[in-house]
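Shared chain: chain A. Partners: chain B in the first complex, chain C in the second.
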Partner chain A sequence: MRNLLLPLSLVLLGSPAAVAQGALTGDEIVANVNAREDGEHVTRRFVVELTDRNGRIRTEETIAQRRYFDDEKRTIIFYTEPNSVRGTGFLTFDYAEPEADDDQWLYLPALRKVRRISASDRGDYFLGTDFTYEEIKKEQKIETEDYVFSAQGSETVDGRELLIVEGRPSSEAVGRELGISRVVWRIDPQIWMSRVTDYYDQNGNHARTIELEAVETIDGFLTATQMSVVNHKTGHSTRISFHDTDYKADVPENLFTQSRLRRGL
Partner chain B sequence: MSVTGEGVFRGLLKWRWVALPVLLGMIAATAMSLPKLQKDTSADAFIGEDQPALVYKNHIEDVFGLTDPIVVAVIDEDDDGIFDAENLALVERLTRSIESLPQIDPERVTSLATENYIAGNAEGIVVEGFLDPDTAYFQAPPGTLERAGEVRAAIDDFPLYQGLLVGREGTATLIVAELIDDDLATEAYNGVLDIVRSETVADGTKIHVAGEGAVMGYLSTYIDNDASRLNPMAGLIITLVLLVAFMSLRAAILPNLIVAGTVLGSFGLMAASGTSFFVITNGLVVNLIGIAVADSIHILSSYYSVLRDEPALNKRDAVVRAMAQMWRPVTLTSITTIAGFLALSISSAMPPIQAFGLFGAIGVFLAWVYSMTLLPVLLSLWPTRRIPAPFARRRNGAARVSLAERAMSALGARVLAAPKTVVTVGVALFVFGVAGALQLQVEEERIANFKPSEPVYQADKVINATTDGIYSLDVLIETPAPEGLYDPELLRRIEDLQAYMETLPAVGGTTSIVDYVKQLHRSVQEGDPAAYTIPDDPDLIAQLFFLYAASADPADFEEEVDYDFQRTLVRAQVSDGRYTTNRDIVPVLERYVEEHFNDELATATVTGRVTVSYYWFHGIDRSTILSVLLSFGAVTLAAILLFRSPVLGLLAALPVGLAILLVYSVMGWSGVALGMGTSMFAAIAIGLSIDFAIHALERIRELARERGISVDTLKDLYPETGRALFFNFIAVAGGFGVLTTSDVPPLVKFGSLVAVAVTTAFLASVTLLPALVLLLKPSAMTSRYREEPSHAKLAPTT
Partner chain C sequence: MALRALIGCGLIWLSYAVLAQPAAFAQVPELRGSLTSRFAGELNGGDAQLAEILFEPELSGSWGANVSYTLIGRARFDAVDELEPGKPGAQAGARSAWNRRVFEGDDADFELREAYADIYAGDWFVRAGKQQVVWGQADGLRVLDQVNPLSFREFILGDFEDRRIPLWMLNIERPIGSVTAQFLWIPDTTYNEFPRQGAFAFTSTWSQPGIPATAQTVTLNPARRPERMLADSDIGLRLSGFSGGWDWSVNALYAFHDTPVAKRQTIAPGHVGITPTYYRSTLLGGSASNAFGKLTLRTEIGYQSRSAVLTRDASDADGVVISPEVSGVVGLDYQLDADTLLSTQVFASHRTRHGPKLATDRTTSTISLLGSREFYNDQLKLQFLLLQNINDGDGLLQVSVQRNLTDAVTLQLGADIFHGDRNAFYGQFDDRDRVWVAFEYGF
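Showing the complex of A and B:
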């Protein structure tokens, strides 16, 4: 699907007038978002900063690699900080079909064992952060089958004109799985990423706000390098920042195996 | 009585057209804030904000985000208990509906439909929702008997949820829903009830709603219903008493205006000061009605007697004369009642009782102000001068003698004929009282605020019987440095602590981070039951914690342990909320924790709902005696100062002391425990009871100064003062008697005990006091004020 959409995006990107006039439908805007190239493979460090409602902060650091195997996405993450969990690793196979359960393995260095972990729901929180598995996995993209989109005009934030797209779950089951009743994206047509995204829980309460805090072009790819999310109900928040992002470094296919996980950092 | 008194009231009535709007303006000004009055039905309201137990509980709410929940129980006592398709589907439906209530935090709803099973097998770790539709672990689809069987097996293999999420017998399962805000408890509780009512359940299945959130939510409605019934009823009864006593429209209407001004003013000031209306504040309304009306009864009695005895006086002069006679006793009784209320306020550690005492004192003051000003102004403005039937003279000129007057005179004749017998009976009662009071038990249970027939009461009992208990007892463990909880030695200590807590009475089960560590340790070791242990390697512990954090919601994690792994909570479920049970748990646990923690490894503090309940009532337990002694001392001292005689002051205190003693004795003999409602009665009863003694003594002294102490003199106490005291007694006892029809059990007890006390005090004041005066002939009774020679010229009233 990624490759299919590429020609469409080139057409649309080439007509800024259509964008300015707000002539795009919600589906078209989302198609542009999903058309953004994100590289065959990437290696990077990411730093997770968790803040509880009393302002206490916990920091975790990781090294992560990701590679596409056709439509399947494989990720391996090793924690480097805090020291007590150094070497703890997660290997994940994300299958393209949203209904297919992902596969996930855990490595605990103190035990020197790889254990398979049962799949998480897409709406579950990612490794104790305020981001969901779905958001981490999609990397600023949006699963079109989950939503019914509608364009809601535009809004100027920090001097940028952002396109507002509202999504409502395409079925009750999706709403339940993702734990949402409505999502509002504010998409910057310059980069085709949402700058500010609001999530509303199944009761319609304003649940979370994700902000895109930094975007850089690295190795020719537009890359979100810092983003934060605030959970309005718990007062808990998470900031993830990416460092040393490298789309060129070799990420061999055999990196994404249980035996590699077992070798640790 | 004094000439100066007459002057003041003459002046007041001369300026009555100025005084009237000023007084009405004063009522309006004090009542202005009334609509802002806030209700607070929380249990925490009873504890001073700086009490350590509450500080720690709030601290835990802060750190771990735990709030008071509403607990819904699905109960099925059949053989397969709750583990059948229908019951589990019911849990799923109830959970989803409750999550969608706006007052409930959807992420803080815990049930079989929200929690995960954590286990290990040969392949790896399983973290699966018990009722999730698509899981790899549970084979059968939800809604089938097979799945129910799988869930049962999973729970049997998962010690953490046994007794907590599902009763150990498998007959009950809980849905625990935390409120977004305690102030929304009423709406949340009603919302949950609506959901439960709209469910059709299979035969044999029952749904109960309980928990502190429910108690808070329901109490508010409960109190409103109670108040809207009780207060008009008290007003009605007192109006009836007034009508019977005086047979006069004036006497029925004017005291009600004084009552209205007093009550509106007191509660208006309460609202203006930002003080909440607490559960017990309801009792204050009835209290103030009784007090305000008593002042009026004495003044009206005197006024009608003046009208009858001095037909030549015009209305205005008659009012002045009556006020001159009554200002002193009414002021004296007001001062002593205020002293009683203030003593209650000062001696109590609990904000609701402090407020009760303070605003009670303010109310008594307002009642005094309006009785001294508004009442005479209105009496003088009232268009007629008719003397009501009970005070009128017969055609032959003799005073008409009413039934109450005859009865009081007959009582007087008997008392004065056998004063020694009266005193002997009094002494016997005193001995009986001491013996009974020694049997007094202390007990308090928050759920006992409700009648046993109330659903929330029954829910509490059923849930406590079928699960590990609905009340929580917590121990907060804190380590001096971050990551202190990775220490295997500390975790083993926590494990021992849990084992110890489970030996305490009424403790059903405990949970802590150690249970999770053990469950996870077992999960990563292929589910081997032998690995249900604390690892020896701190790094493995750290990594298991990490695994747990990674597999839970960020806020879930927060409930168990703080960010730096420095603090964690050990929670025990307790199935009995009675103070006497808490008293057997909290102090011994505190001692254990003191011995086994509180070193360089970690400190531990006992807290949680059970501890807070224990301490707040422990406060009453200790302060009751102090509060009673302080109130009693305050009124005695006030009486001594006001009578300027230690002998008269002590005499005035005597009926009060006897009244309190007898009430404790009644409680002791009948097994009524000293609880929140019953502990307050004494201070209130002291303030009210002293009035009878003061009115009686004041009159006896007046008579004795005129004609010396003799049977003949003292007989004159009964027809007028005795009669007024009788109606005063009927009004107050009637007002408090209304409380016995309350739906709130502590108020029922409070009302009956005050009624018993007031009855005793009234009877002692008209029997024991005159009998003692007759026997002892205290010189203070006949001596005149040396410092106020003008008082020598007393206005005779008979």
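Showing the complex of A and C:
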């Protein structure tokens, strides 16, 4: 059902005429963002570059695979570099129901053991990066139930006409969980991804900016291949670049198991 | 001596390089590893306890899509030589002939830590070779984690990964519906390794056999280690799955206890012989864990059909009482935020049969409390761990700081503080409190 509805929504909501006329509401723009196809499964390698406020850079590399099981999304990530974290594995079952907590497991080579871990607050930072668990999980999509959206017109950035959408938390609880008071997306209607996203913390301070730095069409799917985030509070920043993205290679269902996590890379 | 150790390290490297020559169908092998320098000084007197250089190369690769291999070696040079003074000996009491370290002088030893092949064949997965297998959900307190024996060279300090003694075994896994079945066959008759002398040689009375007052001569015999490859091998079976949000496992292990018990026999009037003896037992148990918001519950229970304990009852025929034993752990982890974890565990064991003057209480319990927090995007980590024995009031406090200096270099500082009765498990090392520093370079 998910796949059948997506092209239809793109046609209805994202037609060039509607975009040009500025006729789309915030909800409609976000619906187009969420309607973007991202494949039933994907294999990719990503490189994480972490830069602290003093300019000191460290680099981590991972191999990640993701597969949909109906509406449930399962992801397995293994660290390959540096040596100190090599073999660390992370398995997530992300359920379609927003109220259902994810199930997550962590494999630590030093313990040789798979540990069940609690689903972190979605606004917590993902494994030392400046991206949150929510952002890693959503892959440039937006959880509609978390926000009240409003279209704020458009803006030209680097020659591109971008649609501005503001989102405010749908409840105080969501605001607390995500650690935000407001988010501003600048969405490129050519690709239905946010080129620049600004996050404001619960005190209204400008907290982080995410920039989409590179997009490619791979195996027919629009794919973000590089993005960065700056944490304005700490001065720390993270850049993630994706490599060897492959939507065609087989990603077997039995890959997403604790046994596989335990066996390592 | 240092030169010889370095030559040894080089030989390990070279041997791996030779072994790694790829066949026509193999992928290029990958050589990784770590070089660690550790120093520990005792708080009581300031003596050096450890000045160690540890080189651990790891070679891995694959032949085709379904077969891969891993080789891990260890070369260790300890200039202080306080943990296993001199040459520890032939290790015949603890290790099988094919699982022994090679000693070079008093200061250096070499070991093939792990050597296994992974084979995927349809739904079957086989890991064959020298390896570690970890069961259970508990941290540090062992109920189901009984597959591999441990080295007590540094008592219980250090990572379990380094303390576990890998065993030669066949490890077969296969999914059956939503359940994963694991079968282990372990012909490697290697058991816990205790230093006979040195900083962490056991001295508490619970580990010493009772000697009748009438004994004029005591003969300490070598350990009677089961060593028949087939008849004395261990067998394990585990079923595990994930249902209704719960991770669960059911475990069975038919194995010899890894710690021998000093069996007493009268050789002649006034002449007593003591023989460390291993007892076979069946372990049946299971584990379950689930996450509830920020809380993670971990549980583990095990039943040992035969657990042997020393008795000081001079009238006892052999000085050993055997009883079934039930033990379990309940653990709660509380994730305050992505960087802060608090974890506590309660461990308890109960022997269904008891007797007078046993070396341990009928029911024993230990609690653990762990706290850790990461700073600066996981580049700095503070941690403390408290292990407290409820019965004897002794325990161990470990605190540590870890700082990633670069992608490849990690600095750690820490302290291990024992407290309690000198005749208790942790308290026996009350005068071995230490501070330590470690640099690790990974490549």
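The definition used in the following text is that the second predicted complex is superposed on the first by the 254 of 265 C-alpha atoms of A that agree within 3 Å, B and C clash if a C-alpha of one lies under 4 Å from a C-alpha of the other, contacts with A are read in each partner's own complex, and residues count from 1 in each chain.
Please note the rule applied: a residue touches a chain if its C-beta (ideal position, glycine included) is under 8 Å from a C-beta of that chain, and two chains touch if they have at least 3 such contacts.
What you are looking at is a predicted structure, and each value in this text was computed from that prediction instead of being measured.
Peer 1: Label the relationship between chain B and chain C on chain A in the superposed model as either fit or clash.
Peer 2: Superposition check on chain A flags a clash between chain B and chain C.
Peer 1: Quick check on the superposed pair: does A:Lys233 touch chain B, chain C, both, or neither? Answer first, second, both or neither.
Peer 2: Touch partner of A:Lys233: chain B, not chain C.
Peer 1: Applying the document's definition of touch, where does A:Thr129 land relative to chain B and chain C: first, second, both, or neither?
Peer 2: both
Peer 1: Where does A:Thr156 make contact in the superposed view: on chain B (first), on chain C (second), on both, or on neither?
Peer 2: After superposing on A, A:Thr156 lies clear of both chain B and chain C.
Peer 1: On the A-aligned overlay, A:Thr88 touches which partner chain: chain B = first, chain C = second, or both, or neither?
Peer 2: After superposing on A, A:Thr88 lies in contact with chain B but is clear of chain C.
Peer 1: Check whether A:Thr217 is in contact with chain B, with chain C, with both or with neither, and answer first, second, both or neither.
Peer 2: neither
Peer 1: In the superposed arrangement, does A:Gln202 touch chain B (first), chain C (second), both or neither?
Peer 2: First partner only, chain B.
Peer 1: Determine, under the contact definition given at the top, whether A:Asn54 touches first (chain B), second (chain C), both, or neither.
Peer 2: first
Peer 1: Identify the partner contact of A:Asp101: answer first if only chain B is touched, second if only chain C is, both if each is, neither if none is.
Peer 2: A:Asp101 sits against chain B and chain C alike.
Peer 1: I need the one stretch of chain C that runs into chain B once the two models are overlaid. Options are 79-87, 133-141, 169-177 or 259-267.
Peer 2: The overlap with chain B comes from chain C residues 133-141.
Peer 1: Based on the A-chain superposition described above, do chain B and chain C contact any of the same residues on chain A, and if so which?
Peer 2: 50, 52, 58, 82, 84, 101, 105, 109-111, 113, 115-121, 124-125, 127-130, 234, 236
Peer 1: Quick check: in the complex, which residue numbers of chain A touch chain C?
Peer 2: 50, 52, 58-59, 81-84, 86, 101, 103-105, 109-113, 115-121, 124-130, 133, 234, 236, 254, 257-259, 263
Peer 1: Quick check on the complex: what are the chain A residues that touch chain B?
Peer 2: Contacts found on chain A: 50, 52-54, 56-58, 79, 82, 84-85, 88, 90, 101, 105-106, 108-111, 113-121, 124-125, 127-130, 201-203, 205, 231, 233-234, 236, 238.
Peer 1: Using the touch rule from the top, collect the residues of chain B that touch chain A in their complex.
Peer 2: Contact set of chain B toward chain A: 62-63, 65, 99-102, 105-107, 120, 123-128, 132, 134-137, 483, 486, 523-524, 535, 537-540, 542-544, 546-547, 549-555, 557-558, 562-564.
Peer 1: Using the touch definition up top, name the residues of chain C that touch chain A in the complex.
Peer 2: So the residues of chain C in touch with chain A come to 32-34, 118, 123, 125, 127, 132, 134, 137, 139, 159-161, 164, 173, 175, 180, 240, 242, 245, 247, 289-296, 298, 333, 335, 337-338, 374, 376-379, 404, 406-408, 410, 440, 442-443.
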